[in-house]
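As structure tokens, here come the structures.
You will see chain A twice below: alongside chain B first, and alongside chain C after that.
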Partner chain A sequence: MKSVLEILKEIRPEFDFAASQDFIGDGMLDSFDMVTLVSTLDKNFNISIQGTDIVPEHFQNVGTIEALLRKSGVEA
Partner chain B sequence: MKPVQSADEVFGIIQEIKTRAGANFSTNFFPVRPKIESWIARKELQVELGQKVVFFFRKDRNLLHLFFVAENLQALEVETKALLALSGSTITLDLVGPANTIALTAEVLVNSGFHRYGSLIRLARSPGKETVTGESPEIVTVNRGDAAEILGLLEDFFDPCADQIPLLYEVESAIDARQIIAIKRKEKIAAFIHFETQGATSAIRYWMVAKEFRDQGLGGALLRHYFAIHPAVRRFTLWVNTANENALRKYERFGYAPDGLADQVLINQKITA
Partner chain C sequence: MNLVFKGKRVSGVLAVLPANERSFLDEMKNFNFPEQRSLKLKEVMGYDKRRLVKEGVCVSDLGVFGMQQLFDRGLLKPEEVDALLVVSQSPDHFVPPTSSLIQGRLKLKQDMVCMDISQACAGFVLGLIQAFMLLEQESIKKVVLINGDVLSRKASPKDRNIYPLVGDAVAVTVIERGDETEVIHASIKMDGSRAAALIIPAGGMRLPCSAETAVMKDVGDNNLRSQDHLYMDGAAIFNFVQMEVPPLIEGLLERAGRTKDSVDYFLCHQPNRFMLQKLADKMKIPHARMPNNVVEKFGNSSGATIPIALTLNLADRAKNGTLQTCLAGFGAGLTWAAMLLAFRNLAFCEMVDYP
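Moving on, here comes the complex of A and B:
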């Protein structure tokens, strides 16, 4: 299973996600990218992230995405 | 339909529907607070409260852009059908996402009375070796006095139903933010690019050359300049109408390629793009 960082790197190889705490503000992800990312996370972790959770604050950085995964049933 | 009074009202309504909907929640509305507040201040945003669906309308010239927030797709189909039966206005809506994820919602909306009008795709490119080469026509940052001329060019060339042409105040805001660069010839705007840059990503909103100045290399010169003045940008994006084959070819030549996102535009009348 791939890590969140590996998935982000595959989606946007041009960005250094490990160096950012604000993916939205730093222009690395936008609201459209969140939809694509959710679909990839669902497949990779075999979960279904709820539509209600597709909000910018859950996609700020690796930490918030990992918290979203735990909330969606992925074990730490 | 009634005017929206505050951004809190919008976010409150969305949260309420989300809470009731759970996993079946469906929407094409991803509001950003400053933009919503600007629409409300200008009385452009109205709301229609249904039983399981809330519709927001943004007034734009002589048409309405529709945003929905629905508990589920079945309710969306039923309540959209009722809405369209009562409306005499031209209504458009955009469904944005990976093509396979928006197909089902588009089908539901077509069943409820919408028609497919057109589609856009998002293109992206990584930075290359950005150098300004060849002839360097004078490239300027425009000022507020140019806003009406720029808007006129946009309205002549682009389609208000599919291309979401800005209003005059939005063009003026872009000029104030130095987001429009242009080439002027004989005191006229010959070509311009309107862009938005956020951190390491820059998106072109519009790129055009006025009819009488085409085939002189101005568009290409402007685009190369745009790349060159964004050395820190790692990703350039834009949306292009799939019917605009000329633009698709040009963007491809400059290194842009589809990134998988699509925008299906629907309209409530039987007209084509």
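Moving on, here comes the complex of A and C:
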């Protein structure tokens, strides 16, 4: 199973996600990247992130994405 | 708003699709976007093939073609058409109504009602609601509903948010009186305060088209669009659908005394595959019972995607037996509407190509 950082790097390999706390503000993820990310996270963790949770605040940094995964049923 | 109808039925559905097919793989180079990311989007959103009208083709052309097919094949007689409804956001002209143009070209009788309704992705459900209301009149026994759009002509080829998913099509649906014991429940909601989320800014009386409105501008994410083009706030629309549609359908089912299991298929408007999969997951409906394959084969043709989903996936069952469906349309307005409708032994349920 891939880590969140590995998945992010696959989607946008040109960015260093470990160095940012604001992916959206830093221009590293746009709305289509969020869709791609959710689809990949769903498959990777065998979950379905709720559509109503696909909002920018859940995709600010690795910590908020991991919190979203826990909310979606992924055990810590 | 909750609505109940009795003694009405759909007797046939014909989807009319332009024969002209385009491929996302061929069009990817138009977007200022890395190929690898485009291919990932293709997989997630379902971008693949689309059907687009050729230059100059309008909703009335597709509608006339479809109705003439029905006349030629003896599936509908011109004199039977007591009302003609056109539901579209891409009319041939501001004046006159597109329905009147179709009536004139087909030489239909004068003793009838022609009516245009400006609606988009909820247009099939809204059109059915209007058709059922017209059928309350003793003198109206058969209504033809033509709904759909040719919005590819208003989409910027340089806008990755819109262009890869837009398709053109109309559906011709015949509605008539049915068994009086048949009860049809529907719900519809509107929120004009969010209208700007899906809009063509220029071209109406508020902001007429001009050289200035035609200027293409960088609107972010490397997309280029003018004010003459269709704009969609994708994130706002996505959240609108996920927030509003599930409670609408669940409320409709509860009011009708029905369960999700009593519905064979949930035929929802199809903006893209991802949105429908998330909607199905939220409502705990198996993906197989909420078809999402229209966009990948034909594009998002606004209100026509629901009847296209029916003709593409369920024609045999709709023609030979009873198909219990929940229809749901959502989009411009903002408008969201749902209906519990049984399709029983339809006289026709198919797709034809407009050459």
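As a convention for this text, the second predicted complex is superposed on the first by the 76 of 76 C-alpha atoms of A that agree within 3 Å, B and C clash if a C-alpha of one lies under 4 Å from a C-alpha of the other, contacts with A are read in each partner's own complex, and residues count from 1 in each chain.
Following the convention adopted for this analysis, contacts are C-beta pairs under 8 Å (C-beta built on N, C-alpha and C of every residue); 3 or more make two chains touch, one makes a residue touch a chain.
It should be emphasised that the depicted structure is a prediction, and the values quoted were computed from it without experimental measurement.
Annotation: superposed three-chain arrangement on chain A; chain B versus chain C shows a clash.
In the superposition on chain A, A:18 makes contact with neither chain B nor chain C.
Within the superposed three-chain model, A:26 lies in touch with chain B and out of touch with chain C [touch as defined at top].
By the document's definition of touching, both partners, chain B and chain C, reach A:50.
Of the two partner chains, neither chain B nor chain C is touched by A:5. Of the two partner chains placed by superposition, chain B and chain C are both touched by A:39. Aligning on the C-alpha atoms of chain A brings chain C into conflict with chain B at a single listed stretch, 329-337, out of 77-85, 311-319, 329-337 or 347-355. In the superposition on the C-alpha atoms of chain A, the part of chain A touched by chain B in one complex and by chain C in the other spans residues 30-32, 35-36, 39, 48, 50-52.
Taken together, the chain A residues at the contact with chain B in this complex read 12, 14-15, 25-28, 30-32, 35-36, 39, 48, 50-52. Interface residues of chain B, counted against chain A in their complex, comprise 18-19, 21-27, 30, 32, 96-98, 101, 122, 126, 197-202, 233-235, 260-261.
By the touch rule above, chain A contacts chain C in their complex via residues 11, 30-33, 35-36, 39, 48, 50-52, 54-56. Those residues of chain C that touch chain A in the complex are listed here as 37, 40-41, 43-45, 160-161, 221, 234-235, 238-239, 241-243, 274-275, 278-279, 281-282.
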